[in-house]
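Some structures to go through are shown next.
Here come two complexes built around chain A, the first alongside chain B, the second alongside chain C.
This part shows the complex of A and B:
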């Protein structure tokens, strides 16, 4: 079951690397949030405990409801255009993503021989981290950078479930709070930038001096 | 043995007879979903009948290529059709490695169509040929990565054996098959020039791919081209429907019923996809095709490392 969810996660990564709409990024974040919370709920199907359900429920609230809603609000408020404006062509971006994924899968299958880990969740999480970095590197819009950062964070989450069977709940909850605060601050920063500059692109930031 | 040959011959007759009906059903579904009454389901037959009565005129500058190309189109497609398990029956031509023959026979069809379009010497047809060649370049890996990955996992190299090795034993294999079928669907949409890639209804030269290549044909030539495009659509439909094999193991009758239901469901799916999507811009199409290839590669990776 974990493998199936990881495959869906990988497909969402492919989608994010071909799409050219900002709204699609938010949708992908929602889908990934749902996938991750279902993944966390799997162990509690067999032995139900209220304590164990807190983390998936919080994840669902933060990643599927609060953060995408907030990003959508920022997009609406700042009147951000729907194109993502990549710095390299989408047509080149996808082969790079595929090549990276192949390398990561090969590397993690070699790793799995010496250590105990589930290859597919591990490799999908790892690819999400790398693709998040790629997205941050190759897009002009700041709001897309936030989405890339969140995809990276989702990757770390999946990566964690593959390495350790159960992470301490407090750590996970703390991370979630951090993420939410970061996105919140990012929104405030974008608002401030918008009052000084016309657009919300990285290219404008090159002119900043202290 | 004799029964198998008989089944193979019946399969080809079914493909040749039902192909226009399938296209008609897709068009009808599309019309109904967009709120029109639409042409009758048998409209493709009427159009073929109309075309066969007309006089054939060839362009004055064209050579023998454009005369033989329509016939080669239909004949090669019939050979390709003879390799497919219609109704999950054993096909007429089936041997180890026939997936490669299948892929390249479809490639031959495309090659002759491109040659014939270039032969006429019209600049529009040249443009259509260039587009067809470009998109074919991206469409071919989809076939090899999806069908090839199932072949790689099952260890068979014949289409019939590959489809008959599909089992619903573990969940990751099921997901693998579902993802493969999505990929094959995208391939079918591309190869048969359906909506997100090419709009079969527009007759504006700048947006056409497949239609522009047969602009200068008439009469029996156009009949052969149209008929082979219906056969091609049905061939890809069979490729897709054959994924339902595991549900039809009990008897021949259940197999046939499932096959027919699957085909009807596929017309519905094609109709829905063509209704809700608009045609992509030309520069976005390679990206769409590459996405399908990426799915194939992911499939291969995932199944290799789960074992």
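This part shows the complex of A and C:
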């Protein structure tokens, strides 16, 4: 089951690397949020506990409802155009993404021989981290940078489930809250940037230099 | 529970209070009381008079015993001058930022104390991310284009960096697979105790991620750019807070993972990485000091230099490590002094460009002299503390297995000293060609008094070399297994 969900997660990464619409990024974030929440809920099929359901529920609330809704609001308020304006064309970007993922999957299957780990979630999580960074590097719009950052965070989350790290619930909730506040602050900053610089692209940010 | 409420809960509650009370005066009063309580208790803990009992995920160990008073000392003086700073005239656009100032500063104190006192990697991560969140809006205090850009870059770069550190923490869990630590919580002390059993490959990977990620916050080259922009565009008290305490909080995270790696076979590898980062930082400071034309950026690069020096001490180990701990104390005080005086200069000339500041010694005699003395203090001129700690670091490097590093370090630092001096002397002495000289008496303000106290403090600590400070630093060195 974990493997199926991880592969779905990888597909969402492919989609995000070919799409040219900003809205599609938000949809992908929603889908990834759902996948991660389902992944967290799997243990409760066998053993239900009210206490343990808090984390998946919060994850669902933050990653599927609050953050995408907030980003959509920012897009609407700022009247950001639909296209993402990449610096690398999608047809070049996709092969890079595929090549990276192949390397990561091969490397993790080699690594799994010496350490016991779930190859598919591990590699999918790591791919999302790398692709998140690619997106940040190769897109002009700052709102897409935020999406890239969130894809990276989702990757880290999947990666965390793969290495079976069990952080206490309080800390997991803390990380979720932190991420939410980061996005919230970034949204406010974007609002200010669009009103001060009359644009929301990384090319506008070049004042601070030595 | 009492300590927990003073260190973390009380600042949090005060942050809430300051958020809802719109008047600055009660905000200031409450913040000062909290800062004073924090300073008092952390000094009691430092002196060993009081033994703190903290709930799960928090504890006081030798390194937090030293770093916590550094934080509360810096914080107390910064808050003390904040009110007079906030009363200065600023652009009408920036007025609205004032009402959040104390709330955010208090939140910063809570988050930073939590990060320093945490005994669990997850808790450390949550708290240090929270410090970024509290500082980012403060960078945008002036509501200018530059400060907005600086805030965005800092928030984004540091968030990505901290995310990297989280990957490092997850890899640390992976390194514990098949050992007694498998499935256990990520407490520092358990990992330190069982460090030799950890899988070396994953441990190395974990170290790389944590070190590179936290470098964005410490300001270690090549990840220093966001930090430079932020410190140079933030209001001076916040810049002092960042240089004096926030960078050290991130450095503490690197120290923790280094402590785990110390007894293992990956030690040499981690050491080399830290030394490379440190030398690169000194190099970056060396290069940019030649061309920097903004005096606050100059101070930010000076922070990169000194944090590089502290990291070098950590990497080299032995006596250099002891020197680095002393350096952390002295550097934090000297940075507060420098940034406060830079803030006065900025307040008068309304510009951060070196070109715009001329004959500051005539126009602002008190600030000018103190700025000059602070420059001497940061450059390691005796009798200020930095001289003694730098000598210790140099001695440590000389008698380590890599004595050649000393040549590089001294070369870089000599030119940093000369170039910083050139900039500061131009600002202080060179006469302006455009406008006639108007010599007016500068009023003696609270921040001048604070700066004098801090300069005296940094001298007295160095000259008297208190036994308790020595003992605490020796305890840290012992915990890190440094051979002296």
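In this text, the second predicted complex is superposed on the first by the 203 of 210 C-alpha atoms of A that agree within 3 Å, B and C clash if a C-alpha of one lies under 4 Å from a C-alpha of the other, contacts with A are read in each partner's own complex, and residues count from 1 in each chain.
Please note the rule applied: contacts are C-beta pairs under 8 Å (C-beta built on N, C-alpha and C of every residue); 3 or more make two chains touch, one makes a residue touch a chain.
Fair warning: this is a prediction, and the values are worked out from it, not measured in the lab.
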item: Fit or clash - chain C, chain B, common chain A; value: fit
item: Chain B versus chain C as contact partner of A:59, first or second or both or neither; value: neither
item: Touching partner for A:67 - first (chain B), second (chain C), both, neither; value: neither
item: Partner chain(s) touched by A:135 [first = chain B, second = chain C, both, neither]; value: neither
item: Partner chain in contact with A:102 - chain B first, chain C second, else both or neither; value: first
item: First, second, both or neither for A:143, with chain B first and chain C second; value: neither
item: Chain B or chain C, by number of chain A residues touched; value: C
item: First, second, both or neither for A:3, with chain B first and chain C second; value: first
item: After fitting on chain A: smallest Cα gap, chain B-chain C, Å; value: 19
item: Touching residues on chain A, where the partner in the complex is chain B; value: 1, 3-4, 6-7, 10-11, 14-15, 18, 90-91, 94-95, 97-98, 101-102, 105, 108-109, 119-120, 123
item: Chain A partner contacts - residues on chain B that touch it in the complex; value: 171-172, 175, 179, 286-288, 290-291, 293-295, 297-298, 301-302, 304-306
item: Chain A residues touching chain C - in the complex, by the definition given at the top; value: 114-117, 129, 133, 136, 142, 145, 149, 152-153, 156, 159-160, 163-168, 170-172, 174-175, 178, 181-182, 185-186, 189, 192-193, 196-197, 205, 207-208, 210
item: Touching residues on chain C, where the partner in the complex is chain A; value: 57, 120, 122-123, 125-126, 129-130, 132-133, 136-137, 140, 145-146, 148-153, 155-156, 159-160, 163, 166-167, 169-171, 173-174, 177-178, 183, 185-186, 199, 201-202, 229, 232-233, 288, 291-292, 297
